[in-house]
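Some structures are shown below for you to check.
Each of the next two complexes has chain A plus one other chain: chain B in the first, chain C in the second.
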Partner chain A sequence: MARVDVGLARRVVLVGLAVHLLTLPVVTWVLLVVVRETQTNNFVQHVRTFARGVADGFEIAPVLGDTNNTGKLLDSVILTGEGVYAELVDNGHRTTSALNPPGISYSGRQDLEFSEHPDATYFIVLPINKVGHDAEVRLGFDKRPTLDDIARARRRILEVLTSYAALLLAIAVVSVHYLTRPLARLGDSARQVASGDHERHLSANTTIREVHDLAADLEAMRAELVGVNAKLRTEMRERERVEAQRHALESQLRRRQRLEALGTLAGGVAHEVNNTLVPIMLFAQSVLDALPPDSPSREDLLGILRSARRSKEVVKKVLTFSRQMNSGKRERLDLTEPVEEVVRLFRALAPASISVVKCIEGRCLPVIADATLIHLLTMNLCTNALQAMRATGGTLTVGLAPLTATGLEPAGVAAGNYMQLRIQDTGHGMDTATMDRIFEPFFTTRDAGEGTGLGLAVVHGIVESLDATLLVDSSTGLGTDFRVLFPAAEEQTA
Partner chain B sequence: MTSPEGSPEDRSQTSSAVRILIIDDELDLLTALSGTLRRAGYGVRTAHSAERGLALLEQEAADVIITDVIMPRKSGIDVIATVRTLYPSTRVIAMSGGGSFAPSDYHPGSITTSAYLLVSERAGAHAVLAKPFEASEIIAVVRQVLGA
Partner chain C sequence: MKRRHTVKPLPWVLIGILLLSGASTARGDSVVLIVSAQSPIHEIESGELRKLFMGFRVVSGGVPLRAARNRSDSRLDKIFLQNVVALSELVYERQLLTRKLREASALPTEFLTDGNLLDAVAQDPRTVSYAWATAAAKRSDVRVLRVLWHE
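For the complex of A and B:
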């Protein structure tokens, strides 16, 4: 994979510079050669034509042999400004112009080519064809103006080419900027999309067709991906919800199975204990009846009877957990009255450090229940709440409100209308392990002798027998929130 | 402890004409209950199974039958139904401590004392009594069914 470390702008400028670094010297050299050749050819052509005219003058005019006229003709070469040196050699006799500058003399050879010696004079020697004369005219021309012209032309060329290069560079930079700006914009948008802003539109805002088309294609791809992404998120949320619901139901099922197993066990044990208690109580009573009133053993027998009665009460509670309440009286019931009664009772019972708040909202929907069971259930939950706040104080809130479940709740509450009884405390709360076991009979976090561990087991039994749902939420140190959802009784037709 | 069933002590010889038959598979309970009722002046016989109880009934009628509900093989419900059919003048008291013999017998709502007693009432029992009970309670119930 090619290394990506040079931007498009820099790359284009570098390529342009490289191309011009190669071509500009060649172009410059060619132009300079052309200019020099043109200038020197013009010079040579001009001076040769002029020299031919001078030679023709000597051939036509009768000046050869006439020193005075020969001198005048030679002087005219210099006076016209065309030449800087003129001499005539006629039959070995050399005549020079009186206007020849002192520093210039014929070197003995004529120039066949134009050389660029600044101080040199270009000499032309032309023979004069005239009968009786062996003559030649030697003319010198100043090369400096031509050399100046060449130098000026060179400067111009360099200036023009330098300007061209600078202009080209500027155009390249501007063009590259014009080309890359929409790409940079597109890149920025793409990065923002990649970083999570999926609603950001990919647009280059350019008139460059290729870039515009690329942006349109990318935008179409983004829209497609956003759609797919949204669908995936929805599916993921749905899956998470289903998973949470499944988890809650599994947890509920496990707890239910455990409690049912315990219920079975408790029922079996209760049966055995109840049967055993009968002879204990009857035998004790029998012996008690047979003893004289002052017998010291009477107190012992009364102790047996007390213990047996206490066992009877414990078994009764265990059986409550085992759905003893199933045979209770069921009727359409407004929960407000039994709940308010419990609130009144707990306002009287609660210590000063605990405030009891009643919160009854909305229209109270009737439920199918037994007022005694509702009373017992609310009492047990409130007792549990008071115990949780005994050390720290706090607020016990007893709430009653209608609730409509959509069937999407994690705990698997079926869709429908419910009356929600809510008992909240601000006590020590529970951890997950404790919360998992609170409905088991004889499970208690209280000190020995302070609780039977049957209160919440009885609550569970009642909730199950009434086909209600019990939800618990608790955080260590923050308190506990019990919610009992009673299915609303169907509306009765008159 | 000797079995209360079939022993001479089974039959109380009291001046009372009231004859009570107790049926329960718990032998200690039979002994204790029969003793309690005898001391209260009733003539008592006992049986530790439903089959045995019905056989005793064939031999000699009873004024009151006190039967347990949950018993192996034949339940107290069967006893109540039979007695109510064959001996309509006999008063029947059902007693139960609820519970279940094994987890496989578990049916939600059916293992409890009150549920069994409810079924007993529907089967025709004149009174029901939840175990455990005290001497005074059972005597009161016996008097109640006898209309005393």
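For the complex of A and C:
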């Protein structure tokens, strides 16, 4: 995998520097060579032409042998400003210009090409082709102006190229910054999208077409992914809801099946016990009636009758749970009256630490039920709530309100109109294991002798017999919420 | 094992020959103006010589002369440029090109070796050229007109 620790800006600058480090020395060298060649060529051309002219002058003009005129001609070489040294050797006789500077003399070395030698004078020696004369003219020319020109041109080239490199570097840095800024901004946005901010738009805010197109493509991709993500989340939530509903229904079904089996068993046993209790009570009552008032056995018989009656009450509750008891008189009923009656009763019975709140909302829809059973159901639920708050105190809320179920909520409840009876307490609540068994007959969390464990079983039996629905929600330490949904009568008739 | 160093004689001999030949032309030698031994030419003025080598028509004794440029030696070429045509190489080449393009003049023939040049000069009485004095002295069919340059 390629290294990614070098950013675009640094990479471009480094590549630019490398290219210029390679090319600039070559360009510099070429320019310097061209400058030098041009300058030296101009110098050489000039001094050769000038020297040839002087030599031609000596060949053409009759000055050889005339020391005075020869000196004047040599002086003119200096006076024109072209040469710095002039001398003529004619048949062994040497004549020099009186204007020759003191530090310069011909040493016998002729120059054939320009060199940057410290010796600052370029010497040309030309033979004079004249009959009767073995002569040559020796001329010296100052190289320093040309050397200065070359040096100045070199400095200027270096300055220009250095400035060019610096300017190019600055332009590269600015350009790269201009290019990478929208990319960095786009990268930040992309990272924020990746970290969960799916609604953040990916935009580069740039005039660079490629970056703008890239941002537009990424934004289109983001929008597409967000849409897909939202769809997946919705599907997932729906699946979870369906799964939870299915789980609740399965749990509810298992509980109902278990309670059904228990009801069948308990109902059978209760019938048998009831059948046994009837003759016991009849015969005990007959014997009691036959005994004289002062018979010592009367108290024993009265004890038998009291115990039998208590057993009959238990049997009655068990039969209620198992729905094998007569469910009473079914009629269109307004639940307000029996519920308010129970609330009044419990306000009187509840200890001071428990407050009883009635909460009746909306128009009360009639239901098909028996007032006695509704009374018994409400009593049992409120008793249960009081027991839960007995130690700590709290609030018992008895609510009654119409409710329209959608088929989705509450779970397991068919769509339609209902009257909801709600008993809430702020007691110790229940864990799930307890909640799973609360409707079983004789199941209780109270101490022995404090309850029969038939209260909620009776509630369950009544709810089932009235085709109502019972929902329980409880959290340990927070309290319990019982909701009984009675189908509205108008729905039933419809 | 001890290696025995042997000196290969051939490279050293070649280097020695080169050094000696360089010294022979660089030190104490002269550049002379030459023509064929049968040439009727006895003198050429400096101005005429410049004209000849710059491609102008030069007639001597009713005969048009031909220039042969000796390019066998770079030092010799520099001496020619400075003492004969008195131009820089660039300007001289430019002048020749200008003359060739404008006037279709016959430019100096160039020779890259002394032998070929001297043969050409010896065979053509109208040809004028220049060479190291030592080289010209070895040929009896070549005549020296005058010294153009000396050390």
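Here are some notes:
Just so it is clear, the second predicted complex is superposed on the first by the 455 of 494 C-alpha atoms of A that agree within 3 Å, B and C clash if a C-alpha of one lies under 4 Å from a C-alpha of the other, contacts with A are read in each partner's own complex, and residues count from 1 in each chain.
Just so it is clear, a residue touches a chain if its C-beta (ideal position, glycine included) is under 8 Å from a C-beta of that chain, and two chains touch if they have at least 3 such contacts.
Given the structure is predicted, the values throughout are model-derived calculations rather than measurements.
Set against each other, chain B and chain C touch different numbers of residues in chain A, with B touching more. Contacts of A:L112 after superposition: chain C is touched, whereas chain B is not reached.
Applying the stated contact rule after C-alpha superposition, one finds that A:M281 touches chain B and leaves chain C untouched. Judged by the touch definition given at the top, the superposed model places A:N68 against neither chain B nor chain C. Of the two partner chains placed around the shared chain by superposition, chain B is the only one that A:A270 touches, whereas chain C remains out of contact. When both complexes are overlaid on chain A, the residue A:S465 reaches chain B alone and has no touch with chain C.
Judged by the touch definition given at the top, the superposed model places A:T432 against neither chain B nor chain C. Using the contact criterion defined above for the overlaid structures, shared-chain residue A:N129 touches chain C, although it does not reach chain B.
According to the touch criterion, chain A has no shared surface contacted by chain B in one complex and chain C in the other. Across the complex, chain A is touched by residues 45-47, 50, 75, 78-79, 81-83, 86-91, 146-151 of chain C. Residues 24, 26, 28-29, 31-33, 35-36, 39, 70, 97-103, 106, 108-115, 118, 130-135 of chain B touch chain A in their complex.
On chain A, the positions that touch chain B within their shared complex are 260-261, 263-265, 267-283, 285-286, 289, 305, 308, 312, 319, 322-324, 326-327, 464-465.
Interface residues of chain A facing chain C in the complex, by the touch rule stated above, are 41-42, 44-45, 48-49, 51-52, 55-56, 59, 110, 112-113, 124-127, 129.
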